[in-house]
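The two complexes that follow have chain A in common; it is paired with chain B in the first and with chain C in the second.
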Partner chain A sequence: MSNSAPRAPRRLYKGWAPYLFFAPFLLLTAVFTIYPLINAIILAFQQTNGPASRVFVGLDNFRYVLTDPTFYKALGNTTTYAFFSVFLQLPLALGLALLLNTEKSRAKGFFRLILFSPNLVGQIFVGILFGVLFTPRYGLINRGVQLLIGWGLNEQWLGNPALVMPAIVITGLWMWVGFNMIYFLAALQSVDKTLLEAARIDGANPFQVFWNVTLPSIRHVVVFVVVTSIIGSYQLFELPLALLPVTEGKGPDNSGLTVIMYLYDQGFSAGDLGLGSAVGWIVAAIIFFLSLVQIRIAQLTD
Partner chain B sequence: MNAVQWFLLLVLAVFGVLYARSPARPKLAFSYLRWVTLIGVSVLILAPFLWLVAAAFKDQTVLNEYVFFPPLSEWSQQTMNLGNFRRLFAGEEAVQGTVYFWQYVLNSWFVATANTVLQLVFCSAAGFALAKYDFHGKQPLTVFMLGTMMIPGVILFAPVYEMMVKLRLVDTYQGLILPSIVSAYGIFLFRQAMQAVPDEMLDAGRIDGCTELSVYFALAMPLVRPMSAAFCLLTFLGQWNSFFGPSIFLQSQNKLTLPVVLNQYINFYRNDYGVFLAGTLIAIVPPAILFFALEKEFIGGLTSGAVKG
Partner chain C sequence: MRATRGIEDFPYGKAPFWLMLGALGSLLLLVWVQLGQNANRPDLVLELSAPNHVIAYRTVAERFEREHGVKVALQLVNPRALTTRLQNSLLAGTEVPDLAELPIDAMRYFGRGPLQDIGFVDLTERLATQGYRARLVEARLSPWSKSGHIFALPHDVHPVMLAYRADLVEALGIDVEKLQTWDDFVAVGQRVTADLDGDGSIDRFMIDLPSGGSQGLSIVMLQRGLSLFDEHDNVTFNQPLTVDTIIWYLHQNYGEHRIAFDCGWGQPLAKAMADGLVLFYIQPDWRTHVTEMEAPKVAGKMKLMPLPAWEPGGRRTAVWGGSGLAITKRGKNPELAWQFAQELYFTRSELGKRFLDTNIIPALKDAWDLPELNQPNAFFSGQRLGSLYANLASQVPPLWSNPYTIIAEGKINEVLLRALEHYKVQGDRGLKEFVAQELDEAEAYIHRQIDRNVLSKPASSEQQAAARP
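Up next, the complex of A and B:
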């Protein structure tokens, strides 16, 4: 029963060695994951004033969060961001991967390096940089937009509630499009070349080849990237925090407030860890539900 | 119409001409379009970096005068200098006395390096145990380990913070580092890599008198070096850039790491943004050097978990 590997029949090891190798993980996980996890369940039903005082309040935390319009604002913003990462960023990433995939020369490695490079920079640093790039009159983005379409030199991206989410989406796109492209590129390289050749010989045009051969072949990676994108989107926090320093990461009229920012505000800034914990569970439930839907869709199309 | 618009029109016109010349097999036209797109996207990606470098070295007074660098004819001490860096490193008064910027760089190095070394040891050891031994309880332990990967981090922030307060570990590096030195994902990666290590080699070592510890350390570890390099790079990068943990757990000004301090500086130096841009440039140089030195391992490690499965 204890042997799960069929290919290498090994004798059952009786010594202490594997347990010793595994012990640090178990110990630290018990203390810093499992115990806090149990605590997180309890905390969600308590009101805390700093870590010192705790009062049981039943479902009040959830009731408060789920009736708070600010929470729905945050949820709406975060969902908007998630929507654009899945339906704008991922298609662009896939497109770039397709453009790079046919190249056999050194150029592929070169472009891959460039496109991936923003991902080396931490979200805080990207936020700081783009916060300045978005400034009216002198910011690089406004200057560029002005040159291209003759509009927007004085646009206050980060001070205008209507443009805050687009600014966050653009920044996220710059940061992560290359990261997602790497996954698509790796998947495209493992697509069976003979299948592609056969489709071409049968007279399929490039679009048909992509839709009927390439996409089905890489669908597992597509699902993986979509799920991780959604999970990442719902945990967005550091980027808007540094991007919108004047409004402490929330943007004018909370136009850039994300759910994790809301959690941070309620739990750590306002000091009610119980409320923060409840927000955490709600976010976790949303992420879990969306991932489940994704995986289910993937199974149905198998 | 300005120069940029004319240029884009020209790019499109060239495509049109190429396509019109052989509409039946427009191979050249599309190859041209591909290169134009790739170069264009690369320019968009690189422009902010170039702008950052320029801004960090431009004098305060001319920061907004030139888009990128000043023209070479106007290049002088008055336009390009190290003034931003001088002000950045001048030191600031805090409750703990004067704190200099290099202190934060050092703190970031320490936290990221300590974390990486500890994670490397613990994750590879646990991965080795799962890959190379059959022992009582292996299956439930594996399931448990994979299960912990599904616990979302967001619900643990509040209770872990509360625990750190009780353990009096807030504002210490132990409190910051301890919760993150084992990762189920790391163990999983090392388990995959260690499975390729031949059993016969390890057995030969045992016959020659190696202890289990030295079988792991002296025989198995050198064989998974590419995986180790990728893992270290990913971990170091993650820790170097990490913000949420340090911003919650660290309080004394002289203990802060770069992301936390630079986030403070956006407000401190609101009217002198050359200073925090210089700091940002310093913060992104070490990861860039590491990445360009170890690029192949890095990309390999990144996708190894996803594509094969």
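Up next, the complex of A and C:
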């Protein structure tokens, strides 16, 4: 009797213990995730002047955004960047990964570091660096292009609306190719070597081996990289901001404006958090839809 | 030994014990840091974004601390943070500095909502009763005004002149005294802009102008008396003179008779100056100091001249940039902040020293006779910089603040670039009509933005009051 008495409260405590230890996480999630999420939904239906004044405007914010030509310009620019991320950046990353995946390559580690290193310095640094490289007359890229094709010495890459997006794509390429290459390289190293060998014995050429054996083996990684690239592209913000400082990241004629920058401008620069919130929900819906399509395509090709 | 047994006896095990201890420790540390911060808070906090201003204000702050027995902190903050974050802090009720030196476009953030939402002390009355208003350049109060109320003290005037490579200009036989109007300037520019080595690329340009419009277009428009908005927040840019100015700007930057090149900023600009790629540069007073710092190779080779006028006898300057000192309503001691603001902006001896450090002439007119402003400047070939800029200061146009200024500037630049596309295909044929139509559309876009803002409409004030938390 005397032995069993202290065990009862201990069992009671043990019953509460999981909830007690779970409580800080739940509290933080409620304060920093669930509350902002609910508030963001409410905000999207209000017009605000910062956090002080709020007026309910119904669907006006969504109506405004969906009829604003600047939003479509931003969406077009971001989609262009996303397109080149998927169809230029990723094939290049995969190609480099295939090159580095050969067993003969002695300098594999060195090249892996070199190609990955742009990612270590951050988007602001890369943006500022390329801002200098694209300088008319004196920039390395201007001089290089002039040397190669006899054009472009005085060209304003960052001042000409037609050249701003190519400049951002080139900069993004330098920044992200190595990063995505690491994913592909890791996937390639896990491809079953006996399958590759069997294909070669059966007379498959290198392209057939890649198309019929390697690519299907790494398809889940490909889907993952494509989805994260699309999401990353639609979140593009710092890179154009650092590359185009004079126009605060927008470029001439809004040629470098991205959807997140549009959101930032409306929500924080103009102070209408309601409108910014509405843009945020629209962007989230677009990303969700694109990711869904991508995953569905991957499932269909399974 | 006893302690170890205690931990083992903890009902949920050892790991949860350490987790709880860690959480408790973090909490105590947080409370301690917070209490320490509150205890060490200075009596006055001034946030500003210009590094050279921090250096210039340090001696005033130290003297003020001694004389008043208080602690003053000068905090350097990124301009973007200074405006957007400060605005949100003011409105959200979180901690704010006592004073903030704001960039010229700041009122677009702070003036978007109703007048009572502006988080700064209204200085209109103080400036009038203490006699400062008459001593300041009136046009420089415009960026800090809303509906007739002034919310910051102007730090500067920032008249614009042209800096030029005097050695090259003289060698080319150009007499700057004869460049009285932009027509004179362009005529000479078309003569000297040339491909010197025959490689197909122009190697010498007359003037540095941003190709996308930006400040360059804004300056020539302001010089011509074209503002984006007036003091009553009316859109004023859509007029025939703007059409003419945009086409003029386009002709200087593009086509076979171009005379302008966009040198950009920093090193490329300094190299263009040193190489003589461009002869003339737009130069407000603050930029002369930047030029001295970044282009030491052209020291002694540069000179300044007023902007050529749009018509004979017309305005010879414009305005570019600026900052103003505002006192926050929710600051700890607004009266002490006002005293410090006066020390910073209206102490003559300090203004002279500050000019030597920054080349910026003050907005206080009676400081323009200070000996420091009349000293010869070796970098600019012995010219008296302060006097040159002060002589033009009275011509500086107003720069009315408006929440839609940035959008309007963007739209004007868009019109320029669309006009360029038209020009590339059709030349000058139909260009005037095209630009006029684009300006109509730009104005309509801005009106759409303004009409959407229910918070600043007087008619909706009751609705606003009801909506206020």
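The criterion applied here is as follows: the second predicted complex is superposed on the first by the 274 of 302 C-alpha atoms of A that agree within 3 Å, B and C clash if a C-alpha of one lies under 4 Å from a C-alpha of the other, contacts with A are read in each partner's own complex, and residues count from 1 in each chain.
By definition in this document, a residue touches a chain if its C-beta (ideal position, glycine included) is under 8 Å from a C-beta of that chain, and two chains touch if they have at least 3 such contacts.
In this text the structure is predicted, and so the values were computed from the model without any measurement.
Peer 1: Determine, for the superposed arrangement built on chain A, whether chain B and chain C clash or fit.
Peer 2: Chain B and chain C clash in the superposed model.
Peer 1: Quick check for you: in the superposed arrangement, does A:277 touch first (chain B), second (chain C), both or neither?
Peer 2: first
Peer 1: Which partner chains sit in contact with A:117 here, chain B, chain C, both or neither? Use first/second/both/neither.
Peer 2: first
Peer 1: For A:148, using the defined touch cut-off, is the partner it touches chain B, chain C, both, or neither? Pick first, second, both or neither.
Peer 2: first
Peer 1: Just to be sure I read the superposition right, which of the two partners does A:238 touch: chain B = first, chain C = second, or both, or neither?
Peer 2: first
Peer 1: Regarding the shared-chain residue A:101, is it in contact with chain B (first), chain C (second), both, or neither?
Peer 2: Once the two structures are laid over each other on A, A:101 reaches no partner at all.
Peer 1: Contacts for A:24 in the overlay, against chain B (first) and chain C (second): which applies, first, second, both or neither?
Peer 2: After superposing on A, A:24 lies in contact with both chain B and chain C.
Peer 1: If we overlay the two complexes on their shared chain A, which of chain B and chain C does A:182 touch? Say first, second, both or neither.
Peer 2: Once the two structures are laid over each other on A, A:182 reaches chain B alone.
Peer 1: Would you check which partner chain A:47 touches, where first means chain B only, second means chain C only, and both and neither mean what they say?
Peer 2: second
Peer 1: Using the superposition described at the top, determine whether chain B or chain C touches more residues of chain A.
Peer 2: Looking at chain B versus chain C, the one contacting more residues of chain A is B.
Peer 1: Check the residue A:80 against both partner chains and state whether it touches chain B (first), chain C (second), both, or neither.
Peer 2: So A:80 meets neither chain B nor chain C here.
Peer 1: Please state which segment of chain C collides with chain B in the superposed model; the candidates are 74-82, 236-244 or 416-424.
Peer 2: So the stretch of chain C that bumps into chain B is 74-82.
Peer 1: After overlaying the two complexes on chain A, where does the chain B footprint on chain A coincide with the chain C footprint?
Peer 2: Dual-contact residues (chain A): 10, 13-14, 17, 21, 24, 48, 51, 132, 137-138, 268.
Peer 1: Flag every residue of chain B that touches chain A in the complex, lowest number first.
Peer 2: 2, 4-5, 8, 34, 37-38, 41-42, 44-49, 51-52, 55, 63-64, 67, 122-123, 125-126, 128-130, 133-139, 141-142, 145, 148, 151-163, 165-166, 178-179, 181-182, 184, 187, 199, 212-213, 216, 237, 240-244, 248, 259, 262-263, 266-267, 270, 273, 276-277, 280, 283-284, 287-288, 291-292, 295, 299, 302-303, 306-307, 309
Peer 1: Give the list of chain A residues in touch with chain C in this complex.
Peer 2: Of all residues in chain A, those touching chain C are 10, 13-14, 17, 21, 24, 47-57, 60, 64, 132, 135-139, 146, 150, 153-154, 156, 159-161, 246-247, 250, 252-254, 268-272.
Peer 1: Please name which positions on chain A make contact with chain B in the complex.
Peer 2: 1-5, 8, 10-15, 17-22, 24-26, 28-29, 32-37, 39-40, 43, 48, 51, 96, 99-100, 102, 107, 109, 111-118, 120-125, 128-133, 137-138, 140, 143-144, 147-148, 174, 178, 182-183, 186-187, 190, 220-221, 224-225, 231, 235, 237-238, 241-242, 245, 260, 263, 267-268, 273-274, 276-277, 280-281, 283-284, 287-288
Peer 1: Can you list the chain C residues touching chain A in their complex?
Peer 2: Against chain A, chain C makes touches at 11-12, 16, 19, 23, 84, 87-88, 90-92, 109, 112-114, 117, 200-202, 210-214, 261-265, 267-268, 271-272, 277, 403, 406, 410, 413-414, 417-418, 452-456, 460, 463-464, 467-469.
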